[in-house]
Each structure stands twice: as structure tokens, then as C-alpha cells.
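Each of the next two complexes has subunit A plus one more chain, namely subunit B in the first and subunit C in the second.
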Partner chain A sequence: METDVLIIGAGPAGLAAALETASRGLAVILIDESSSLGGQLPQQTQLIRPLPSEYGPLRGFELAEKLINQLEDYPINYLLQHRVVGLYADGSVGVTDEENVFPVKAKKMIMATGAAERAVAFPKWTMPGIMTIGAAQTLINRDFVLPGNEAVIIGSSDFAMDVALQLMAVGVNVKGIVEEQPEVQASDNVKIEQVQQSGVPIYLNASIIEARGNGEVAEIDIEHTGTVLTEKVDLVCVDGGRSPILDLFYQLGCSFGYQEKLGGWIPQYNSNFQTDREDAFLAGNAAGITSQGAILLTGMVAGISVCEKLQAISHDEAQQIRGSLFKELEILEDKDIWESRIHHIERYANPKLKDQFIS
Partner chain B sequence: MNRLDKSTIICRCEEISYEEIEEVIGNGARTFDDIKRLTRCGMGPCQAKICTSLVAKVIHEETGKPLHEIPLPRMRMPLSPIKLETLATDSTSFSTVKSVLDEVELEDGKVR
Partner chain C sequence: MHIKDHPVLGKQLQEPVTIYFKDQPYQAYQQQTVAAALIANDIKKFGVSRKNIQDRGLFCSRGRCCSCYMTVNGEDHVRTCMTRVEEGMEIYPNLEDPEVRRDGNGD
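Coming up: the complex of A and B.
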């Protein structure tokens, strides 16, 4: 299989990149391991803002629909339920449909592999009933399965607040939110207030001593202001933040830099969202954990840069579009994330991790 | 980080505890791959997708080494689990994987 552009990951970043490239006449293959487009967006029932000017504010599933619908008129080759498992020596990507493995040769690749939730360790954290907030959200909003009745949430990010509200909306009793830090990590005050008004206590400077249960979680001990609080629960949702998914970049021999605010190790890239490989671009959370609006903008930048390299648009036009996308990114993205991103881009020629042994 | 007792699992696939990781760090392990080679941490079905960040935190807490000096573990093909049957594929027009499977010659779908 051959194509101009291979996009890996059909979440918001991949879909945004697909629009930029397909609408300018390039042949596009879009791969995703899931059976549907949109990545994690379809189960986001909360309002997502801020979004780039041509979108929102929309709820996550509405944004997914919009991103998918605007691709309708273009002849994109969607390879759903397909996974990238590796690379061939000639630079082709090895793709499987679970029956066969076949090579896809692309002039340019845009990797929009997204992020994975991080685990939070405490004694007995591997017991059934203990899961990430994303897993709990997938269960209630996508699978329509109630993960439990009595819950404690560990972590207080904006996403944790969203999931706390969504769990309560389907009848789960959220008994408390446990935060290690001295302040709530979420930045959306409206959501924090909504959670507090629902009567959910937020324990700051608190930690988990252990979970207990016979085969599944039944109790959790929380240390707060020098005392131990025991809650009876059948659900514990942990929010350890997210890490960019890097396997493919590693296989490609890309170099990496470390930016704590962007989720730790991330591929090194320049202002074209191009890695140190001529044919490999990236977008979305893989380029640093950020907000949905910023994810779309990075997908657009990567798409525009690929259009430029494949001469679907001129250098001047690409520069102009990229300039305005970067301006919007600066406005939409949290200040500390934006500053880390700029710092990361400036370090393009001086990566921290490079020339890894690949096997 | 929450207080981890000695028995707290860090790698859930291979059931490697905090204590086992602490011990090999005491013996000089400084990277994820060091710990992997000594304990099997990260060698189960998830191939370190869950424990990478937990192990980095343990190394950081035990040695004081900053997180940006703890390198990524080596990531290998296949990037996610795949059946050998699928990997071997039934196409004879190209080589799927560089392995002994390449050396097998087929005749009417059977090994010659």
C-alpha cells in the first residue's frame, strides 16, 4: 500500500491533520486500532473549551462528530481496527489487521499516537475496583456500565473533576477527592465549585495508606491532617496524569527531550512539528500533554507542514498559516505548557536522548 | 508519591514488588533496563506500558536522580502484542519480519 500521507491515530489531532492534508488534494491513509474515529473524544460528555475559532465550544462527542463529518467529502482511506506493529528497513510501516501484516509506504507520516494514563501506586492498588479515571469514564459514557456505587477519586485535575461530575450524574456516590498537593490541581473554578456544591469533600495534603478487600476493593485508608480516614468503597479512580505514547518514535530512531509540564519524555520536534526524521511529523498529546483546543491546533500545524513538504501549498502560504496557528496556540494553551513547548522547540538541535540502540 | 510498603506491586504483569526494585537499585541498577534485566520488571504482557513511570519514580526517590536523567526503556517490535500466526502472514510477496520465519519456504501453503 502506498500513499502521500500516513496518519497514525484517528483522535482529534489525527483528524485535524487529515483535514489539512486531504483537503489540499493529498492521498491520505488514516490508521487507528479502535473500531471508530475520534480517539477518546466520543466519551467526553463535558463541554470542551477553549477550542480554535472555527470550532466550539462543543461537548467532546459533538466535537468528534464535527471533526469526522468535515472529512466526508475527501477520499481518505480509513484503516480502522488496524495497528502499527513496527517498521521495515526501507521506512515502510508494518500494519496489521489482526490477520495479516502488510507494509504501508508513505511519503510523509504524521504520528498522532496520543497519550496513556499513568498508574498511581499504593499498597493493593492492583485490586479489582481500582482503575484510572479514564477507564471509569469509558465504562459509564461509552459502555454504559456502572463501575461501582461508592467511589473515592485520587487526584484533582480538571479531568478528575469532569469524571467526578459524570460519575455523580449516573448515580455513583463520590465520597471524596484525595489530593497529595496543598492545592486543587484543576484550573476550572466553575467545575471545582460544582463538585464542592455536590457535597464532595476535597482532601488536600492527603495520601493513600492502603486499599483493602477480599478479591476486590472494599475499603481505603486516607491520611489527612494527621488522622486516618477509612472509606467503604467499591470503586477507586486514580488520576496519575498522562504520558505521551512513544514506541513508534523510538522505533523510528527519533530523539527525545524532557519537559515535565508536557508529560516528561517527548519526541524532539521543530516549529513545523517535524521530528528529526525527514519523513516523520507529529501532533496532539504525543507532542506534549495539552488541552483539546491545542491538540487540534498541533494537528493543523503538522498537516500544513506536510502539505508544504509535498508541495501542495507554497512555503510562504505555509509560513503564514503556521504563524496564525501558533498565535492561536499561545492564546489557547496554558501559559506554562506553552512556555515549555517553545523551550522544547528551541532545543531541537540539542536533544537529551538520541542514537538509542534499536532492536 | 503515596507511602509504599515493601510488598506494594510496581510491575503488575510480572508481580514485581517495591522491595525487589529497591534491592536491585541498592545493587547499582540506575535505569529501567537495568531493573528489567535483574527482575523481569516490565517483561509481561503490557511490555512496560504501565510500570515505566512508576519505576522512574522509584529510581528518583531511592537515588535522588532527577527524572530527566532517567532514560526511557528500550522499546521493541512488535509495538503491541500480536499473534505469531499474524506476524508470519500468508503473503509470499514480501518479508514481514526479519526472523527465522523468512527462511521457511512454502509450497502450496505448506512448509517444503
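Coming up: the complex of A and C.
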């Protein structure tokens, strides 16, 4: 199989990159491991904002629909339930449909592999009934299944607040939110208030001693202000933040740099969102954990850069579009994340050591 | 429990299918994953870990952690969070490592 552009990951970044490239006449293959497009967007029922100007405030599943629908007119080759599993010597990638492996030769690749939720470890954290907060959200909003009746949430990010409200709306009794830090991690005060007004206690400076149960979680011990609180639960949601998914970048031999604020080790890239490989670009959370709006913008930048390299648009036009996308990124993205990203790009352009693998 | 009427997305569960877990029939709906359909029927323990024999169930629901491995229609180590239900599907828990070298696996 041959193509101009191979996009790996059909979440918001991959879909945004697909629009930029396919709408400028390039042949696009879009691969995703799951059986549907949109990545994790379809189960986001909360309002997503801020988004780039052409999208306006939408709920996650509405944004997914919009991103998918605007590709309707272009002849994109979708390979759903397919995975990239390796690299051949001639630069093609090995793609599997879980039965056979076949090579795909692309002039350029855009890797939009996304992020995975991090676990929060405590004694017995692997017991059934204990799951990531994203898994609980997927169950209620995509599979329409109640994951439990009595829940405790560990972690207090904005995402945890969103899912806490969504769990309560389908009838789950959220008995408490446990936060290790001295303050709530979420920045959306309206949502924090909504959660608190629903009668959910937020335990700060608190930690989990252990979970107990026979075959599935039944009780959890929370340490808070020197006392131990035991809650009867059948669901524990852990919110440990996200890490970029990097397997493919390791396979391609890309170089990495460390940026704490962007999620730790991430591939090095320049302001075209091009890695140290001539043929490999990246977008979305794989280029640093950020917000939905910024994810779309990075997908657009990578798409524009690929169009430029394949001469679908001129260098000047690409520079102009990229310039305005970067301006919007600076506005949409959290300040510390934006600064880390710029630092990451600059450090790649001006390495402290020559021939470095990492910086 | 199945969410028959979702507060935002409405009534999405339309086409019921029957799946079998340890030969017992359970109701699921098309579009649900195997893992979700089992949880809807109060089955949370999907198997045990290979070394310390600890209970395992759905954890990440993204196909990355492999905590939800089960045997589905005779195939071992299927990620049930990434597999949609089908009528008559036969599901068994993942209680040990699969036999890799056997006729059905090409060796």
C-alpha cells in the first residue's frame, strides 16, 4: 500500500491533520486501533473550551462528529482496527489487522498516538472495580453501563470534576474525592463548586491506605487529617494524569527530550512539528499533554507542514498559516505548557551537546 | 446495570444481544464492548494475574493495560475493552497463560 500521508491515530489531532492534508489534494491513509473515529472525544459529554475560532464551544461528542463530518468529501482511506507494529528497512511501516501484517509506504507520516492515563498505585490498586477515571467515563457515556453505585475518586483535576458530575448524573453516589496535595488541582471554580454543592466532600492532604474486597473492591481506607476514614465502595476511579504514548517513536528511533510540564519524555520536534526523522511528524498529546483546543491546533500545524514538504502549498503560504496557528496556540494553551513547548522546540534547535540522543 | 436513558445522550441501547459467560446467558446491547457488557451484568472479575494469581478486571478501557484479557470465542488473551459484543459470543475468564504452541495457533 502506498500513500502521500499516513496518519497514525484518529483522535482530534489525527482528524485535524487529515483535514489539512486531504483538503489540499494529498492521498491520506488514517489508521486507528479502535473500531471508530474520534479517539476519546465521543465519550466527552462536557463542554470543551476553549477551541480554535472555527469550532466554537462544543461538547466532546459534537466536536468528534464535526471533525469526522468535515472529512466526508475527501477520499481518505480509513484503516480502523489496524495497528502499526514496526518499521521495515525501506522506511515503510508494518500495519496489522490483527491477522496479517502488510507494509504501508508513505511519503510522510503524522504520528498522533495520543496519551494514556497514568495509574495511581496503592495497596490492592489492581483489584476489579478500581479503574482509571477515563475508563469509568467510557463505561457511562460510550457503553451506557453503570460501573458501580458507590464511588470514591482519587485525584481532583478538571477532568475528575467533569467525570464526577457525569457519574452523579447517571445515579452513581460519589462519596468523596481524595487529593494528595493541599489544594484542589482543578482550575474551573464553577465545576468545583458544582461538585461541592452536590454534597461530595473533597479530602485534601489525603491518601489511600489500602483497598479491600474479595474478587472486587468493597472498601477503601482513606487517611485524612490523621484519622482513617473507611468507605464502602464498589467503584474507585483513579485520576493520575496522562502520559504521551511513545511506542511508535521508539520504534522509529526518534530522539527525545524531557519536559515535566508536557508529560515527561516526549519526542523532539521543530516548529513544523517534525521529529528528527525527515519523514515523521507528530501532533496532539504525543507532542506534549495539553488541552483539546491545542491538540487540534498542533494537528493543523503538522498537516500544514506536511503539505509544504509535499509541495501541496508554497513555503510562504505554509509559513503564514503556521504563524497564525502558533499565535492561536499561545492564546489557547495554558501559559506554563506553552512556555515548555517553546522551550522544547528551542532546545532541539540549539542543542547543548552535539550528536546528542537526549537533551 | 445498563443505562437505558442517558441524561445527555438519551436512549441509545436499542438492539439487545445475548452473550454467554461461563456458559450462562447475559443480556448485552450492540455497540457495547465485552468488558462493559459483563460489568452491566455485575461481573467485574475477568481473570487472575499470571504470577501472583491476583484478581483482575477492567482498568484502562483503552486497550493498553491488558488487565481485561479474557477468552472470547475460543481465542485467548482478547482485550475485552476493545472488542464489541456479538450475538452468541462465548466468554470465559483468563485464569492462566494460554497454550501458545497448539494447532490453532499455527505451530
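Points worth noting:
Keep in mind that, in the parts below, the second predicted complex is superposed on the first by the 348 of 359 C-alpha atoms of A that agree within 3 Å, B and C clash if a C-alpha of one lies under 4 Å from a C-alpha of the other, contacts with A are read in each partner's own complex, and residues count from 1 in each chain.
The definition used in the following text is that a contact is a pair of C-beta atoms (placed from the backbone, for glycine too) under 8 Å apart; a residue touches a chain by one contact, two chains touch by 3 or more.
Keep in mind that what you see is a predicted model, and the values were worked out from it rather than measured.
Placing subunit B and subunit C on a common subunit A by superposition gives a fit, with no clash between them.
Contacts of A:E2 after superposition: neither subunit B nor subunit C is touched.
By the touch criterion defined above, A:E193 reaches neither subunit B nor subunit C. Counted by residues of subunit A touched, the larger count belongs to B, out of subunit B and subunit C.
Of the two partner chains placed around the shared chain by superposition, subunit B and subunit C are both touched by A:A116. Looking at the shared chain after the overlay, A:D334 reaches neither subunit B nor subunit C.
By the touch criterion defined above, A:F102 lies against subunit B but remains apart from subunit C after alignment on the C-alpha atoms of chain A. By the touch criterion stated above, A:L246 is placed in contact with subunit B alone, subunit C being left untouched.
After superposition on chain A, the vertex angle at the CA centre of subunit A, spanning the CA centres of subunit B and subunit C, is 60 degrees to the nearest 10.
Contact with subunit C, but none with subunit B, is seen for A:N141 once the two complexes are overlaid on the shared chain.
Touch criterion not met for A:E317: it reaches neither subunit B nor subunit C.
Of the two partner chains, subunit B and subunit C are each touched by A:T126.
Measuring only between alpha carbons, the smallest separation of subunit B from subunit C in this overlay is 5 Å. Subunit A residues in contact with subunit B (one complex) as well as with subunit C (other complex) are 33, 116, 119, 126.
Interface residues of subunit A, counted against subunit B in their complex, comprise 33, 83-87, 89, 94, 96, 98-103, 116, 118-126, 180, 207-210, 240, 243, 246-248, 250-251, 256, 258, 260, 264-265, 352-353, 356-359.
The residues of subunit C lying in touch with subunit A in their complex are 1-4, 6-9, 12-13, 29, 31-33, 36-37, 39-40, 44-46, 49, 54-65, 67, 81-82, 84. The residues of subunit A lying in touch with subunit C in their complex are 33-35, 40, 45, 59, 61, 116-117, 119, 126-132, 134-135, 138-147, 169-170, 215-216, 245. Touching subunit A in their complex are the following residues of subunit B: 1-5, 7-10, 12, 18, 49-54, 56-57, 67-68, 71-72, 74-80, 82-83, 86-87, 89-91, 94, 96-98.
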